Amino acid sequence: MTDSLNSISEKAGMPPGSLVHVGDVLKTESRITLIDYSAEHIEEQAVYAIEEILPYKDKATVTWVNIEGLKNIALIASIGNAFNIHPLVLEDILNTHQRPKFEEYEDYLYIVLKGLSVDSEELSVNYEQISIIVLDNLIFTFKEVEDDLFAPIIKRLKNGKGKIRNLGTDYMTYAILDMIVDQNFVLLETLDEILDSIEDELLTNPTAATLASIQRIKRELISIRRSVLPVRDMLNAIIRSDSALIHERVHIYLRDVYDHALRISESIESYRDILSGLMDIYVSSVSNKMNEIMKILTVFASIFIPLTFIAGIYGMNFEYMPELRWKWAYPVLWIAFITIPVVLLVYFRKKKWL
Amino acid sequence: MTDSLNSISEKAGMPPGSLVHVGDVLKTESRITLIDYSAEHIEEQAVYAIEEILPYKDKATVTWVNIEGLKNIALIASIGNAFNIHPLVLEDILNTHQRPKFEEYEDYLYIVLKGLSVDSEELSVNYEQISIIVLDNLIFTFKEVEDDLFAPIIKRLKNGKGKIRNLGTDYMTYAILDMIVDQNFVLLETLDEILDSIEDELLTNPTAATLASIQRIKRELISIRRSVLPVRDMLNAIIRSDSALIHERVHIYLRDVYDHALRISESIESYRDILSGLMDIYVSSVSNKMNEIMKILTVFASIFIPLTFIAGIYGMNFEYMPELRWKWAYPVLWIAFITIPVVLLVYFRKKKWL
Amino acid sequence: MTDSLNSISEKAGMPPGSLVHVGDVLKTESRITLIDYSAEHIEEQAVYAIEEILPYKDKATVTWVNIEGLKNIALIASIGNAFNIHPLVLEDILNTHQRPKFEEYEDYLYIVLKGLSVDSEELSVNYEQISIIVLDNLIFTFKEVEDDLFAPIIKRLKNGKGKIRNLGTDYMTYAILDMIVDQNFVLLETLDEILDSIEDELLTNPTAATLASIQRIKRELISIRRSVLPVRDMLNAIIRSDSALIHERVHIYLRDVYDHALRISESIESYRDILSGLMDIYVSSVSNKMNEIMKILTVFASIFIPLTFIAGIYGMNFEYMPELRWKWAYPVLWIAFITIPVVLLVYFRKKKWL
Amino acid sequence: MTDSLNSISEKAGMPPGSLVHVGDVLKTESRITLIDYSAEHIEEQAVYAIEEILPYKDKATVTWVNIEGLKNIALIASIGNAFNIHPLVLEDILNTHQRPKFEEYEDYLYIVLKGLSVDSEELSVNYEQISIIVLDNLIFTFKEVEDDLFAPIIKRLKNGKGKIRNLGTDYMTYAILDMIVDQNFVLLETLDEILDSIEDELLTNPTAATLASIQRIKRELISIRRSVLPVRDMLNAIIRSDSALIHERVHIYLRDVYDHALRISESIESYRDILSGLMDIYVSSVSNKMNEIMKILTVFASIFIPLTFIAGIYGMNFEYMPELRWKWAYPVLWIAFITIPVVLLVYFRKKKWL
Amino acid sequence: MTDSLNSISEKAGMPPGSLVHVGDVLKTESRITLIDYSAEHIEEQAVYAIEEILPYKDKATVTWVNIEGLKNIALIASIGNAFNIHPLVLEDILNTHQRPKFEEYEDYLYIVLKGLSVDSEELSVNYEQISIIVLDNLIFTFKEVEDDLFAPIIKRLKNGKGKIRNLGTDYMTYAILDMIVDQNFVLLETLDEILDSIEDELLTNPTAATLASIQRIKRELISIRRSVLPVRDMLNAIIRSDSALIHERVHIYLRDVYDHALRISESIESYRDILSGLMDIYVSSVSNKMNEIMKILTVFASIFIPLTFIAGIYGMNFEYMPELRWKWAYPVLWIAFITIPVVLLVYFRKKKWL
């Protein structure tokens, strides 16, 4: 979290609209892919300069420009210029510490949210900021890193069947949002497994490391919540928007993504409850363990201390101790040494103290 | 919970509207029952193909088609086709991980919720997704498994008395929702009994197993909440809906179900409070038990340690220890050995330490 | 709580409007009292059949029919019939597990709430469901048991002074609601006393029984809340209602009851805080007690263990131990046996350990 | 709290509008002061009968009647009569257990709230109910006790400068409310000091008495909240009221009082957080103290128990124990008796156990 | 916090609008800077009297008057007079205990909020109240102390590029608010580092001092929340305001600040969760440490107590103890003295008790 604050606070004092990439500089060159399609045709090409995009500006077909990597600030600035994007929007695209939000402008919509991917082995969640600019027949997506997140969409586009080739940028927006939101299910799955394994650990052998795990998950969950929960409200805002760029026929699809986002946020909320339950188990386990230790101590002390006392009595050097001379004194004492502990143990067990 | 996320996340990347049964495949063939009724007549028949349903499409009588088992995807698709149901609705019917919700379409209503049944012995709750599609004079219900949940409704239909034969699909919707919601009372009853037995256990002999039970109920309650709480809002949405398919005369009945749903969710909320109370008792019981153990240890140690010390003194081998030669020293010491513990015990008891 | 769920769940599956008394069958015959009054006259009579009530239906005077005991289902059904009450309302009257609610119908209002009375000795709260049906010049009250709850109202009626004889059924409704709501103050008073006595117990001698009491009060409070809190919203709904049956001149009185209900629910909420505070005291008391016990143990062990060791040294049988032959060794040792504990005690006390 | 409930519950059953003083009877005679003022003149007089007030009813000047002490019920009833105040309002004035509230009537406004004063030494808060009736050119204030709360206002009135003499009853209402609300800052100050001193005590020497203090403050805070929090909403209601009695020019002043009330309620809320923090410190301190005690015990036991064992070995009476005859055995053992504890202590300290 | 309440409560009783500086008197003279600028020119000058400001009142250029230090009450009063500012606003400017708020007046807007700066070494947060009065072409800022907070804005103004010179007082208001809000990111960063270092401390060596740190941060966070959270709502109020002084072109910038404020308040909320997590770790660490100590004690006691007992047996002075005469008794016993502890340790370790 420190980075995030760090970089923001460094920017404090600069005029708004200064384009600087604020965020972890993920060392990737920008890769730009342009896909132009209509019901009849589809073409995909790598793009290296703004001039290659401009011809698609007034074409009737749908054009999707996917920019992966945010280092090429000049290009992003020139896109902003060519398509009349507000400088603050460009600033938000480059500053990768945005809360998920949706903003309507006259000619375009700006959507920004976090794509969460998870390293299954250790629960380390990677947050990637994804910005979407939706115009009438063009759609821009800005990603922090190059990866295959959008590969299934491209495959469906090329496959050519289904609604995706027949509908416009709004449906494409839906397809992208759906992809990003559904990613979270994978994350929840991993969380679920980790929580289950922690619970097992707690019931068998809780250690300080288990506590550290619980706290780590708790902190991770806090930051997941902050990335995921606002998505629900954002989707709701998109659905309720009366922008001409989102046609009504797409509402039902967006409502579907909204349902998913709702389920995801409910899951996250219930994980909080589960985590606090695990914390309770941990605390109780520690108490239980102390009880166990106390019991051992108590058994040993309660049994041997009286016996030692008895042995001590007959270790005294008084001249007039008649027992010392009795023949059977010693064997009788041994019987006492054996019966006393047995009686005590039975008594303790009966009283359910041990 | 893992399954649910698992299967959803497997579907991530597929185009919307692809009909795949997502959920635990409950190994049952689809059983389809069609009941056509009016005030005057009633007929019930098993249905095997869409063609058998079509004739009822434009009949004035009310027709109820109950599909149990979701394996026959082709049939569901053809129903969707014949009755003009949106593909996303069909997808939701097949994907059995829906949140309870109510959606209005131009010609039909879509209601989906969870039927909860409980295994009384061990608290294992079974969740069955039930989808309802309400048309003007037709009503479809989609269940995951074959069972007798709707048997009482069918009996009332055949019995012929009451409003059920005289009113339309909206009243039938009410009857079905009422049946599903009232099922939850059985669940609450079971929960109640389990909580009572846990409380008894806690007050008599709390063990780590009791803690595990509390946590298990807590997790179960979290997932029950997620299935049951949204039903209240869903019913409210149905009542407030201005769809022509829900006539005003049925509102009072739906309000009745709404009242039940309200009471159920209040009960669930109070179970959370009760559970946290049980957790408190558990923690206190563990502390109390440790107190008990400490007391035993303290009694034994505090009494015998001084005595052992006294015995130790007269076990010393000094040449000049006048007491060793006194005749009554040994019996006097025995008197001390007996009075000291008695005095200590009385003193402890007076100070309320023991 | 089990009963409540039990009986409801038994009813699951029956057609709506089937009149069955669901609830604890409180073994009382129905007692029906009819009071007819206007500013000038008042008459009170016991009623045994519906025919005795019917003549008052169209009389201009106000008629109050108080039915105590819900066993006479036939009579309630015939009242429903004669006064055109919806079957679901009759069902709600008989099913004594309703949430407090207010429903407006065209010709009448239906109000249902819980009368809480408390056994002052042990905190056992009795819940009685009271239903009120308000017509233009008739008012029905349905109580579960025969008691003197309404006696003060009847006395005021007979007394003849004040507004009660001059105003209509709406003012009578107010008088009844006021009576029921103000009953709760007695309950709160009892709760207050019990909480005070628990607190005293906690500070003097907390036991596991105290914990059990706290938990019992907590559970009782949960169920009181569920009966009392909705009354506030119900009263608000009555005030905001635009029914012609509630005249504006009565609003100020209803607002007064609403104020009382508000104060009652605030009190109940603060009892929750107080209870959780008591729980905190309990937990701390248990810890404190363990500290006390540990201190005793520590004093005894820390003082006598070193002494025993010293005695042990001179109990050794080495041939070459010069001290054993010194004349003053034994008395000197006794001085050590006395000074060591004193020094230790002073040291412990200085360090504030004891 | 018991009194409050007690007296209310005693009143249950009486007809509404019966004027009885419900509350702690604070033994004071009613003192009535009338101040009549306009920009040009001001007169102050003690009043003993309603007839002395009546002449001011239709005068254009502003008249403020301050009634201190609520025993003179006859007078209050006659004021109610003369100025056409609703009987329920008079009842509320006399029943000093009201929640702060604001009620608009056709010709007057009724405001009731609590004046809180605090005994600085021990935190005992005194609650005084203050009722205000605002008419067009008359204002009545009803206080439970005689004191100098309003002295500064009277001084400002007599002083003659500022807005107070130029504006009407609405500004006077503001001045009174401002005085009462600002009293709470003194209370918060005292709370603040007490909390600071408790924190100091917790960090130096926490005892069961400290816990009792925390709990006492907690309960006091609960009852302060109930008196103070509704004032905020009440003030908001006054500001939003469209009564002709509150002119718009006074709104900005009322908003100022509202700001103060907001800050006071925020402070109270944060005190709750701070209190729960103190409770946490207490619990931890108790645990820490137990740790300390356990450490002493552990040091003594761990060091002396092995030594005692060694001494015990050479106290055995076997005939064939060669060490007993060695010349240097005893001095060597002494070396062991000294080195073993040193080694153990160093080891413990290294392991950070002690 | 005491000061804040203290000074307010001292003011209680004074007429509203009395200008007194309420707050910590920060010993600084007032420094007044006037900057007048338009797209074409910019001038900066120190100002010592109101007369120097008046000429700018009706100039078309934008004039920003920055008053640092609130001691010169006469000047502030004369500004209020000259620019027709309501006395209560002036009072709020001088009383530095305001909640962040936004008030619209006919000719001007009043904004007040807290600037938070943090001493990086020890977390001591300094709160400075900053008031902004926005007129049509004049903007006043009132700060408590002289510092360089606004230096970057002045630099941007002088630099002459960007929107700041071309737009009016509304954009300047944005620039100032942006500067103040973004300051908080530095604070959060510091908080973040402190929380991280506390967590490290907790996992390695938790002491009572760590607890004190957690509590100190908790209290600091409570007061930060009270200063920062209302800023979000205040900014929202500014955006939703329909004042002619805030032009629509500035809305997008204000929304940007609003986004920042939202992120800051979310961070603060999550710090509360993290803090409570740290508290949990602390409590568990203390329990764990006690467990460790108990284990040492248990090992020593359980092993040596039985051995001491055995030694005690053969220290008895019975005449008939055959073992005492056996030749190999003593060496055999030594074997027992060595094997018994080994066996016990292995057993304990197997049972996972140690």
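A, B, C, D and E label the chains in the order they appear, each numbered from 1.
By definition in this document, contacts are C-beta pairs under 8 Å (C-beta built on N, C-alpha and C of every residue); 3 or more make two chains touch, one makes a residue touch a chain.
Given the structure is predicted, the values throughout are model-derived calculations rather than measurements.
A.B. asks: Given the touch definition stated above, what is the smallest step count connecting chain C to chain E?
C.D. replies: So the least number of steps between the two chains is 2.
A.B. asks: Suppose each chain is reduced to the average of its Cα coordinates; what separation in Å results between chain B and chain D?
C.D. replies: 43
A.B. asks: Centroid from C-alpha atoms only, then distance chain A to chain E, rounded to Å. What do you get?
C.D. replies: 26
A.B. asks: Which chain E residues reach two or more other chains?
C.D. replies: Expected reply: 283, 287, 290, 294, 297, 301, 305, 308, 312, 315-317, 321.
A.B. asks: Based on the touch definition given at the start, go ahead and assign the chain network to line, ring, star, complete or other.
C.D. replies: ring
A.B. asks: Under the definition above, what is the set of chain C residues touching chain B in their complex?
C.D. replies: Touch residues, chain C against chain B: 1-2, 5-6, 8-9, 11-17, 86, 88, 92, 97-99, 101, 103, 205, 208, 211-212, 215, 218-219, 222-223, 225-226, 279, 282-283, 286-287, 289-290, 292-294, 296-297, 300-301, 304-305, 307-308, 311-312, 314-317, 321, 323-327, 329-330, 333, 337.
A.B. asks: In the complex formed with chain B, which residues of chain A make contact?
C.D. replies: My answer: residues 152, 156, 161-164, 178-179, 182-183, 185-186, 188-189, 192-193, 196, 199, 203, 252-253, 255-256, 259-260, 262-263, 266-267, 270, 273-274, 277, 280-281, 283-285, 287-288, 290-291, 294-295, 297-298, 301-302, 305-306, 308-309, 312-313, 315-321, 348, 352-354.
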